[in-house]
């Protein structure tokens, strides 16, 4: 079953159109990747889903058209977006950040458990639990953003370069944990990632964007087998 | 001005700007918004009411035999000198004379220009003596008594007292407060039964004068001379002194002594005596409830002055009187020129304008004095005021 | 002249948190020096101590032999230190060119009055540096974006603009904080080439913080590994990558396998 | 000595007036990141509303409660239909919009109810109690107590509740807040609504003392802002304490420092503010915000 | 599907703008001619306009200069200053005092610039350490304390009765009317100040001010000491404020403590934002706003000025959040951008300024977005 489907989606910032027609689909419990050069439109595609750019085309989630919703309404459907850059609440403590992530939930106990889970996953955050998020190091903030998204128990996770600024081992841990989430809780995910080596350990398939269009879509195995992909993204 | 002083100077009766055979336009610049909008609004309402009523009857008769309607063009200056000057610039070539505006700095801002342009700036509401100095201000004339006079009147009354008095003074930190204090002090000079025990100031922008009242209360004075022009602060002072159980006799200026708007909410009945000076009947006072002048005035204010409530500020009454005084001057004008108008205006003697208290009158020919310089000292009787001759 | 950088027992504390603990090392003039370590190890903080944005709690920082700890960032910048930021900080509403020109500040002569009356000297200098900035952008494949507002560029390209801005300062010592983050593979290779060329042409010392081990391995002459604010080891990139402590604390077992 | 204590007590009660307004400003700031210059104007409007109702025969306490409801709606409407357009733009523009709003509200009040001073009935009796040779009006005590209660409630809202956390999160990063499912628009409206409610309470408390005019709180605004910055923008307790300090210090300086006197006493809070800010840029009780490079 | 060889970096070059050569030439031509035309118009205008128009333009000049100063410190450098009117007041008092004591008018002018500048420098040396709202509250103290201070120093200031000074009566040889002569002086002095400021905020210093406003950490790493540049901007603003004070005396010919009342500082701030913060043209528009709106509301209904002014202010900002100076940009933005790059399939032009109307929720929700 398809969970998320983009059909010929366009998007623009003010008068500047940057997506010229992007199509992709993420199956229930699936993981799909988006690759592309800087400026190709990866981030914009995720923003189109979470309703933070002006869009055209069709975006359906769970069979329903979600275009025209507000960002928080999209989130309420169970789509959690880990944005590019610092997506944390600088003046809130690490714990408060996590609590905000769980805003849509009301199961007190579950929330506390999940906070513990996240702190387990990111020992750095455990150490800085009471600090303001703005004091954290770049990588720690990235961890916090991912953790906050996990706190909302989403059905679909949008990850925009979640490994950005993470140490190699930490990046790996994060991806391991996300993979675990996928198998344990059945979360689906749409992943933008420059580190294609890492991304390919997670996703089943991916699309390559170029100037706001899909130029190539395939399964992980297919893509890995293509020379030009290896050259451009895998450094092989 | 481009006329280079031609405004009123044109010899031989060519009409000045702002006047035709059947109408004359007067300009007002006064605060209609901002902190002083309360009294400011009144300055327009009274004169508008006066001439509104006259116009409804056909107009005002001029000395040249013509009957003219009187239009008022009022602009808001928010008590900003610069804006007042701008308003003047805007009006000067369209109006016959400027009148009734409230405020010292706002009137001073264009005084020089009015002199240079030879535009009358008359019957304005400031107690600044400069405007009544004919030498310095040939095209000006104040209306209300200079602040010094008001302070003096009370000082003179106090000097007649047979008892010993200790006086505490609180005054607004500007020419208003200074004028009052100066007049008061000059009147009690030499009176050895009077001692000033403490003297403080406050800013018109203060939110509270509690500290001053507390400090003055500790002086043990039995007379409190409070030269204050801000209504809420006056009410608060009356309340605060009671709260401190300090019960002196008070002196209040003419514009902050309204029985309904200040004394009643302030709980003035608790004090042995509340004195003020006035030359106008207070419409709220029961003594004048049936007074013909007052009834006519209140009706006109509502109908022509666009002022529905009974006024809380005496400025409404004053500007009504300004209307009457102007009419008086118009009646003496033989030529439709500003110069002729100034002449006529300066020659009014003992004119008992409507709403004027017995014993006061408009006198425009007195050197160095505004149109009104006579005042009655009054004492609060629980409802309104009675004129008094001696302290106690 | 490329600068020499020496740190001697540099420590930094915020409240109770020990961010840096007695870190010492020396960067020789002309070296490309790597600084790696897990998240929160104190790499950026160390940069801040060098560039004057943080004042070390104790210890000595020397640039070309002069003690500079506690000096103001602006002073240090005036003496040939340039840096980029981990999180790119551009003037988003200004054009890319204006952003880059900011790097020319100290190289432009004249006081406020001279600029207000536009003396020929200031006009000439502005013109020259504008041309230089354009050329710099061109060389970094960003020439096409020179006149676009920075916020119309995608995130990944901001890094490049920041680098150009720092380069226009003509520094003797350049600190790069995760320059490769968010770049696709091909761009990382371009970056490596750029830094190499820099050293060759401009006689400059470079310190790089980076999690991209490929870049570190390809580029650096020497690396220091930080962990929890303390120096874990110092050596060549290859030594670091095979050091078990480093693998344990930083690279991760599997990742090390992958890279191998 | 009696005078000294009396001056301190007087300062406390003046300070409470500033504190009332300051709390509302803090609430809006925490919930939207803006300084609302129109806060006082909105409070005045609420007070006029209550005053109007009492003139129609509605009992005072009911009138005040109704004005509180009215204020919540007013705050929410202002946010939704006016401020929202500016909330993420240049903050200077938003501040100027609130200045424009203040002007507009003052104008409306003057137009509807004239610039005359209106008597607003007091919730508390005008009696005074005396002790130690000092007299305090019941009204001051009542005002102070209400302020303290409001302060405690506000503090509790921010640190202890989900709503408070959500309000703060929205102010800090609306986009991430939306990504976490927080209804950003609605929360902003609630923030403004609650601040307006606080303002309405403040208005009802101080109107009997200042007498009701369209510009009633204009002069208090400057003091309230000074208290907000001095106490620390993030701390309800801080701003109330700061407002009291300002009220007391001003009185004492005016009386006991002859050079300052009553005319220059207004300089005192600003000198204090300046000295404190040099030492503690975040204010007396404020949380330090870390700006990392 | 595109050929794989283009996969790597092609997306960036695709966005290269195609500069249209003829329009550029045209623009250069306009750029050369416009100042000349403008100068000519300004030279002739005072001769043909009626008296009141000249007086009004002169007043606009006064406040445009004051707003310009505020723009230097706030619009360009980001320090919220609520004290600008204080420096205008000081400049006016210095001028009035000098004129009353028959000092040489050039000396008076120099002092009217220098004394506020020095006062500003002293204030800034202390205040520039603060940021954000803190500096706003410290600067607001200037007018607030300035008013009672001016009253207390009545020996120099004339106390609450203020000072009058007329010094701009036209010299005989000009054959001009007073209002024309005054306007010429305002235009010349104001024009010079505007020109110098315009150059200053373009190059090295403009960029430095902007980065100090944008990010102090970046500024300092570029060798720009935020503190020094804040002090510099504040001092320049004070100096320009002094110039406006001189012009104020020239035009209004009277000053009193009310001149520098705190409310005017707020109005200046509003004028700056409505004109357009960080914009030279915006400063002129701000000055025009300051002078014309009260005039306009007075004409509509003098008893509703506050209501009308508030309403007009909100209306203008609602339509043009970037201020009046952003009007042309708002009108042309869509066309320029969509024409310049990625021309294919550009959507119909939607000036961002209209986004909030109609479906306000959606529109402004969107406005808030963009890279965080």
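Which chain is which? They are A, B, C, D and E, in the order written, and residues in each are numbered from 1.
Please note the rule applied: a residue touches a chain if its C-beta (ideal position, glycine included) is under 8 Å from a C-beta of that chain, and two chains touch if they have at least 3 such contacts.
For clarity, every value in this text was computed on a predicted model and none was experimentally measured.
Where touching is counted per the definition, the chains common to subunit A and subunit E are C, D.
The chain with its C-alpha centre at the largest distance from the centre of subunit D is C. For the pair subunit D and subunit E, the distance between mean C-alpha positions equals 31 Å. The centroid of the Cα atoms in subunit B and the matching centroid in subunit E are 40 Å apart.
Taking the mean of the C-alpha atoms as each chain's centre, subunit B and subunit C sit 73 Å apart. Computed centre separation for the pair subunit B/subunit D is 36 angstrom, with centres defined by C-alpha atoms. Contacts with at least two other chains are made by residues 33-34, 41, 173, 203, 205 of subunit B.
Multi-chain contact residues of subunit E (touching two or more other chains) are listed as 8-9, 12, 15, 148, 151, 217, 221, 303, 305-306, 341, 361, 365, 369-372.
Residues of subunit C found to touch two or more other chains are 44, 53, 85, 89, 155, 157, 184, 186-187. Those residues of subunit E lying in contact with subunit C across their complex are 8-9, 12-13, 15-17, 196-197, 199-200, 203-205, 207-208, 210-211, 214-215, 217-226, 228, 232, 236, 341, 370-371. Listing the residues of subunit A that touch subunit C in their complex gives 13, 16, 35-40, 43, 84-86, 124, 127-128, 135-140, 142-143, 161, 164-173, 194, 196-197, 231-235.
Per the touch definition, subunit E reaches subunit B in the complex via residues 51-52, 55-56, 59, 147-148, 151, 159-162, 164, 166, 177-179, 248, 252-259, 261, 263-264, 291, 294-295, 297-298, 302-303, 305-306. Residues of subunit D that touch subunit E in their complex: 35, 37, 81-82, 84-90, 92-93, 95-97, 99-108, 110-111, 173-176, 184-185, 214, 222, 225-226, 229, 233, 263-264, 266-267, 270, 273-274, 277-278, 281, 291, 293.
On subunit D, the positions that touch subunit B within their shared complex are 2-3, 6-7, 10-11, 13-14, 17, 106-107, 110, 114-117, 119, 126, 128, 130, 135-137, 209-211, 213-216, 218-220, 223, 250-251, 254-255, 261-263, 265-266.
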